[in-house]
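Two complexes come next, and they have one chain in common, chain A, joined by chain B in the first and chain C in the second.
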Partner chain A sequence: MISAFLFRGLAGRIAWVAAAIALIGILVPLSNLFLTPEHALYVPDYIVSLFGKYLTYALLALTLDLVWGYCGILSLGHGAFFALGGYAMGMYLMRQIGSRGVYGDPILPDFMVFLNWKELPWYWYGFDQFWFAALMVLAVPGLLAFVFGWFAFRSRVTGVYLSIITQAMTYALLLAFFRNDMGFGGNNGLTDFKDILGYTLQEPSTRAGLFAAAAFALCLALIISSAIVRSKFGKVLLATRDAESRARFLGYRVEHVKLFVFTLSAMMAGIAGALYVPLVGIINPGEFAPANSIEVVIWTAVGGRGTLIGPIVGAITVNLGKSWFTAQFPEYWLFVLGGLFVAVTLFMPRGILGTLSDATGKLKSLGSGKATALVQDPADASELRKEGEAS
Partner chain B sequence: MTEETNQMTSALLYLDDVSVSFDGFKAINGLSLTIEKGEMRAIIGPNGAGKTTMMDIITGKTRPDTGDVLFEGKMDLTQHDETEIAQAGIGRKFQKPTVFESQTVRENLELALAGNRGVWASLFYRESEEEAAKIASILETVRLTHRANELASDLSHGQKQWLEIGMLLAQDPKLLLVDEPVAGMTDAETVETAKLLREISKTHSVIVVEHDMGFIRDLGVKVTVLAEGAVLAEGSLDHVSAHPDVIESYLGR
Partner chain C sequence: MTLLRALLVCLVTLVLSSAAVPPSMADDLQDTINALADGSLKDRAEKVDALLATGDPKVVPVLSQLADGNLYVRKADNRVFLTESAGKNFTLTDPVSGEVIPDINKRTLDKIKANNSLRRQIRDGLSLFALNSPDPAKRLEAAETIFKAQDASALPAIEARLAKEQDPEVSAFLEEARAGLVLSSDASESDKLAAIDVLREKGGRQVLSMLTAAAEKGEGAVRDAAERAVVAIERVLAIWEGVQNIWYGLSLGSVLLLASIGLAITFGVMGVINMAHGEMVMIGAYTTFTVQQVIQSTAPGLFDYSLLFAIPIAFLVAGAVGFVLERGIIRFLYGRPLETLLATWGVSLMLQQAVRTIFGPTNKEVSNPSWMSGALDLAGLSLTWNRIWIFFFALAVFGLLFLLLKRTPMGLQMRAVTQNRNMASSLGVRTPWVDAFTFALGSGIAGIAGVALSQIGNVSPNLGQSYIIDSFMVVVFGGVGNLWGTLIGALTLGVANKFLEPFAGAVLGKILVLVFIILFIQKRPRGLFALKGRAVEQ
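Our next item is the complex of A and B:
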């Protein structure tokens, strides 16, 4: 049943994009590890790390598209789910350091020794095990989204109000994680990681492996999301987005629909965060900053929401632009980002991908001549109808 | 007393002394109404009489301040929400046609089609042959076969009305509430709609709200006149049209 379900996700251009991501996930690491730097197709280490990071951003944007593009839930707090997944992974990496820390304590991470803590807080238990940390990467963002969504959707909080409380949620977490006594390293966060599953993080082969993992996760998430939006449930999502109360009068339990997709999306965002942390080597409370979540919305809008592929394209293009811009004119980036958002909203409301498919659609209808144009004109279409009835 | 209890349980829909006010304004004021199983009832009344509000109360959108609303003699509709009431078998067509604009005509019908509404059931749903056949026959009935794969937003106003009636057919509820189905339709379309509703009423109970007197005459069913949130008169169209209060409050205008 599951494989038939996923197979349905591989329809149309999704299959090509998923294949392309999988191919990149294989070829880039191979090129990095096995070609010499002189080779024309060699991918240098820093590019592997940088694009690996972009892949995790793309995954984050994809998860936002599932709730915003398809279900109309404009979450301005998706960065929180990403950060929580990142912290769960960071806690595992922290405990892998063991006695190699500056203070050499076999159990306690350095920052706890520094704070004079004598024993590990209970919520750090289990994070020495990868499987447990991996479970928490899904469970913590999932649980937060479930509890948050349970109250918000049941009370029928929608639109701007919902967006504002998601923003408040990530801001509250930002403040909480800044505190030293929370036990997550305060404003320094978690860093100085050594290895993951026994592989040294500084090794190019480990980075290449993380890149491949990020590409694999993105590819799988794309296929799952596509299968979801192509199922009847996907139609229910759109129905909820476009006419929520109508969907209720048809007998759909709208709050369950939203809760399911919001929780699933948060769990996938958690995975993105968990892949991001070993690639960049640090997680700190800054990841909860409200501005981060807003940036994800901009990537998604630029790429084209409600398309699944658009947010991936948007996340990568905007971040490429950001890397270039912050190197050239660091003080202007925020203005450019804001301007980009305004421009896209005004002139390209369907984003890069939506605009592209509009253009190809027009080309196609030009190609097939007048027939398509006829049907698109309501007056002509009713003429057609009368003809049909007469015959 | 026993008679009344019997009647309560045999009626499909039973409203007794229902009132609701919005900011002190009594939109529904001591409304009582009984719809029998298999009955089609027409409801007329001037704008603002509370016809749509009555439908809001029956479908769980608005909670009445006082009064009883019973479905099939046992389900207290004031204690349930829209989803539960829809699942119990009450379907609704809105005054302003409300279809899912960004989806095709066919997808609109698929969404409405009776069946399990749960998340898992929808995720792993596969359309059976009977279901496909049912959709095809509804498309025929509402004359949208040739537009099945077009977006609902591209339909004309009248076609949207028909699509919404088609959605009601797909949903197959026990009781259909139809709010102003011929608003914005041509005369020919209006005649067709009356025909369609009479057809539907053979197998369903129906409440139709309408302004169009010709249309009501075409339906040829018992009429309830609503004014200022209460029943003014009830009976055949000729009977209520002769009623002096009705002439004054509605027909006379």
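Our next item is the complex of A and C:
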């Protein structure tokens, strides 16, 4: 009964947060475009760009939370799906430059002219159409996740092993995209974008639009994730996380469950990447670096995994901290980030949101005089599981 | 200083020349040398030949300075001088008398120009000169130059020298140089066949191109013999290339073994992946740097032995860091391997930044001791000593660790915990201490690996990062809880990497290896040498 109550409370909270994000997505661009700089509520251009970027990070953290917090798959390669989505969008933006590039070639992007390529490689066909690029943003990360997951989950690669090979996957992609003859701009990546869907990227109005799109995507992803988690399928998901063998013995195809969530999460990460690229104006192989993917994990952990709102809070908090530290004390940022990893895992395994709900839960139970056990507690549950299965 | 030396040289030569050379001959030489300044570049070639023909050792500095562009003529009297730049002015030395004239303004002199063909002519001519040098090493060098230059006119000189050569090594080399010249000349068929035999024995790339040319131009028996020789040499070269690749692969494998073996035992015993393992390697490398600095400033005489000091110190330093890490962080994260992974990643970030703050972000120079520098020439291979040492060092570390695991009570306890933690605990093994010491041991070995790696690569705060993913791959590939798995995993991956490189390029080769491992894990999720039994089922 208490858990049912908490569950309804959680759902209510997600509705509130989704509404708040949607509202921000509408109000911030409006304020940026229609208020004068002197107005008290005016949002400057750089804030729009910066927070637009944070929103895409939040979306990425949310997708990781879906697989890690709810399914127990610690992916150290989610940055790869993000970057693949980004490259798909980057290819579209590259084709949109047309003959305005430095070399003025109507078809070939600048770097291909520079490398003396004579014609467009086959995998660049179709990217001059937005709908095709948008399809690829979903399809490429989704396909990679599907193939990778199909192999990995079928042969029951779990735990640390899975984390390590996801890291190897993003590392292999990093090396591959650094190569010039891959046809993705090598070291420099894709940049010098001009416009998207006919709107100039430098215009504040375009950036405001991108901000709105990022907020909308995040809002939608939140609602979808919430629906999945609250459905019957979501229960199986949690069962897989907490006691995989038991769920299998009860007749659930846990590898299918994992594969579905992993693929869905990769596709949403691709969307995050696709929104990120026009906002920052560049995509390069550095996005595949294993360190980036691990950083996403810490956003999620700081905010609180196993809660859908946590990763959003975590991504924005950590990145605000990063922006501030790298400007004020560039020397100490790595200490702070490293300390964050250690402190969160040691002292706040359930993140900011988990700790907060613990505190409020305790208050309530004090008030009602009952001992409350939180069902939605991944850290405790996984500990229980370890103890149970080790013996 | 230079002036003093020049004076001394001049005095000695003065005494010698006045005693030994009759004045008329000296005048002749002087005239021939002075004649160099006149006429066009084309005439100069003949004059160089004339000088070489005199056979006088005094022409050696004249010609080499001509080739280097340091030979000048004095405008006033058309005399040719050797020069040495001294500040704005020149110090002149008379090539024949050895008389030194200091402080001459450049404007009173004209440079005697040389072009590339003249320089080549001089170099080949001088190597003939050196052919008669009393120093065997010089003669060897000269024979090599002639062999490379393929100048047919050197044939008589070589044959003359060959007749009186005593040193067997030089003799063999001269024989080969002669064979090369005979082959390209219009000697008789039997001579050429003999030459081909000699060259075939020698082998190598240069001979290959010579014989290929001979096979194209030659006829009949000579062509057949040359073609056969080409095939034989190509086969030998291919074998050597294979051997070289295997060696490079084993060398890379030994580096991987050093970097991953500590990781393998901690993963085996504790089931956690230590993401800060690469930083332990880095700490070992920086310890080596510090030890070298201290030795350099306190006891430079011991510098050659600095690594012997660095090995135990690096082991202790990295081991201590590992111990603190286990006691301070990891033991609180028991049964949560994924969280351990994140916490150790955080530690790795902090360690990197700490080293960057203390030592600075740039690469540090760690020098090789004399017994590790240079290379060993083994037939067609050139193996650098540092790689050879590291290879055997890695095997030694492996052997010691193996003994530790198999023959000591501590090793017994570690193996017991690896196989079944609860059972070991019930039987009285103090598992927390086994964990702590295993972690310290693994980190200490990483520190030793850092000493070795500082000898072949850059020492920078990112050192650990570049090895960490490869080390994971070795552990995942080889399986945990079994040192043989790590050994075979490391060497296999090293050799596979190096064999893929020629076909696919370094980067693509590495990607292929990664993809292979990802696929391999599907087939054998617990690595090559998985522990059998229920205990490993999670």
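Basically, the second predicted complex is superposed on the first by the 358 of 391 C-alpha atoms of A that agree within 3 Å, B and C clash if a C-alpha of one lies under 4 Å from a C-alpha of the other, contacts with A are read in each partner's own complex, and residues count from 1 in each chain.
Everything below uses one rule, namely that a residue touches a chain if its C-beta (ideal position, glycine included) is under 8 Å from a C-beta of that chain, and two chains touch if they have at least 3 such contacts.
Computed from a prediction, not measured in an experiment: that's the story for all the values here.
Enquirer: Would you sort A:F151 into first (chain B), second (chain C), both or neither based on which partner it touches?
Expert: second
Enquirer: Is the number of chain A residues in contact higher for chain B or for chain C?
Expert: C
Enquirer: Between chain B (first) and chain C (second), which does A:K232 come into contact with in this model arrangement: first, second, both, or neither?
Expert: First partner only, chain B.
Enquirer: With the two complexes superposed on chain A, say which partner A:D358 touches: chain B (first), chain C (second), both, or neither.
Expert: neither
Enquirer: Considering only touches as defined above, state whether A:R246 meets chain B (first), chain C (second), both or neither.
Expert: first
Enquirer: Which partner chains sit in contact with A:H256 here, chain B, chain C, both or neither? Use first/second/both/neither.
Expert: first
Enquirer: With both complexes superposed on chain A, which partner does A:I164 reach: first (chain B), second (chain C), both or neither?
Expert: Only chain C is touched by A:I164; chain B is not.
Enquirer: Mind sorting out which residues of chain A both chain B and chain C touch, each in its own complex?
Expert: Common interface on chain A, chain B vs chain C: 382, 389.
Enquirer: Could you please specify the touching residues of chain C with respect to chain A in the complex?
Expert: Those residues of chain C that touch chain A are 267, 271-273, 329, 332-333, 335-343, 345-354, 356-357, 421-422, 469, 472-473, 476, 507-508, 510-511, 514-515, 517-519, 521-523, 525-526, 538.
Enquirer: In their shared complex, at which residues does chain A touch chain C?
Expert: 74, 148, 151-152, 154-161, 163-165, 167-169, 171-172, 175-176, 178-179, 290, 294, 297-298, 301, 331-332, 334-335, 337-342, 344-346, 349, 379, 382-383, 386-387, 389-391
Enquirer: Would you mind writing out the residues of chain A in touch with chain B in their complex?
Expert: Going through chain A, the ones touching chain B are 1, 5, 228, 231-233, 235-236, 238-239, 242-243, 245-254, 256-257, 260, 375-376, 378, 381-382, 384-385, 388-389.
Enquirer: Once bound in the complex, which stretches of chain B touch chain A?
Expert: Residues in contact with chain A: 59, 61, 81-83, 86-87, 91-92, 94, 98-103, 107, 110-112, 117-119, 122-125, 143, 146-147, 150, 154, 156, 167, 171.
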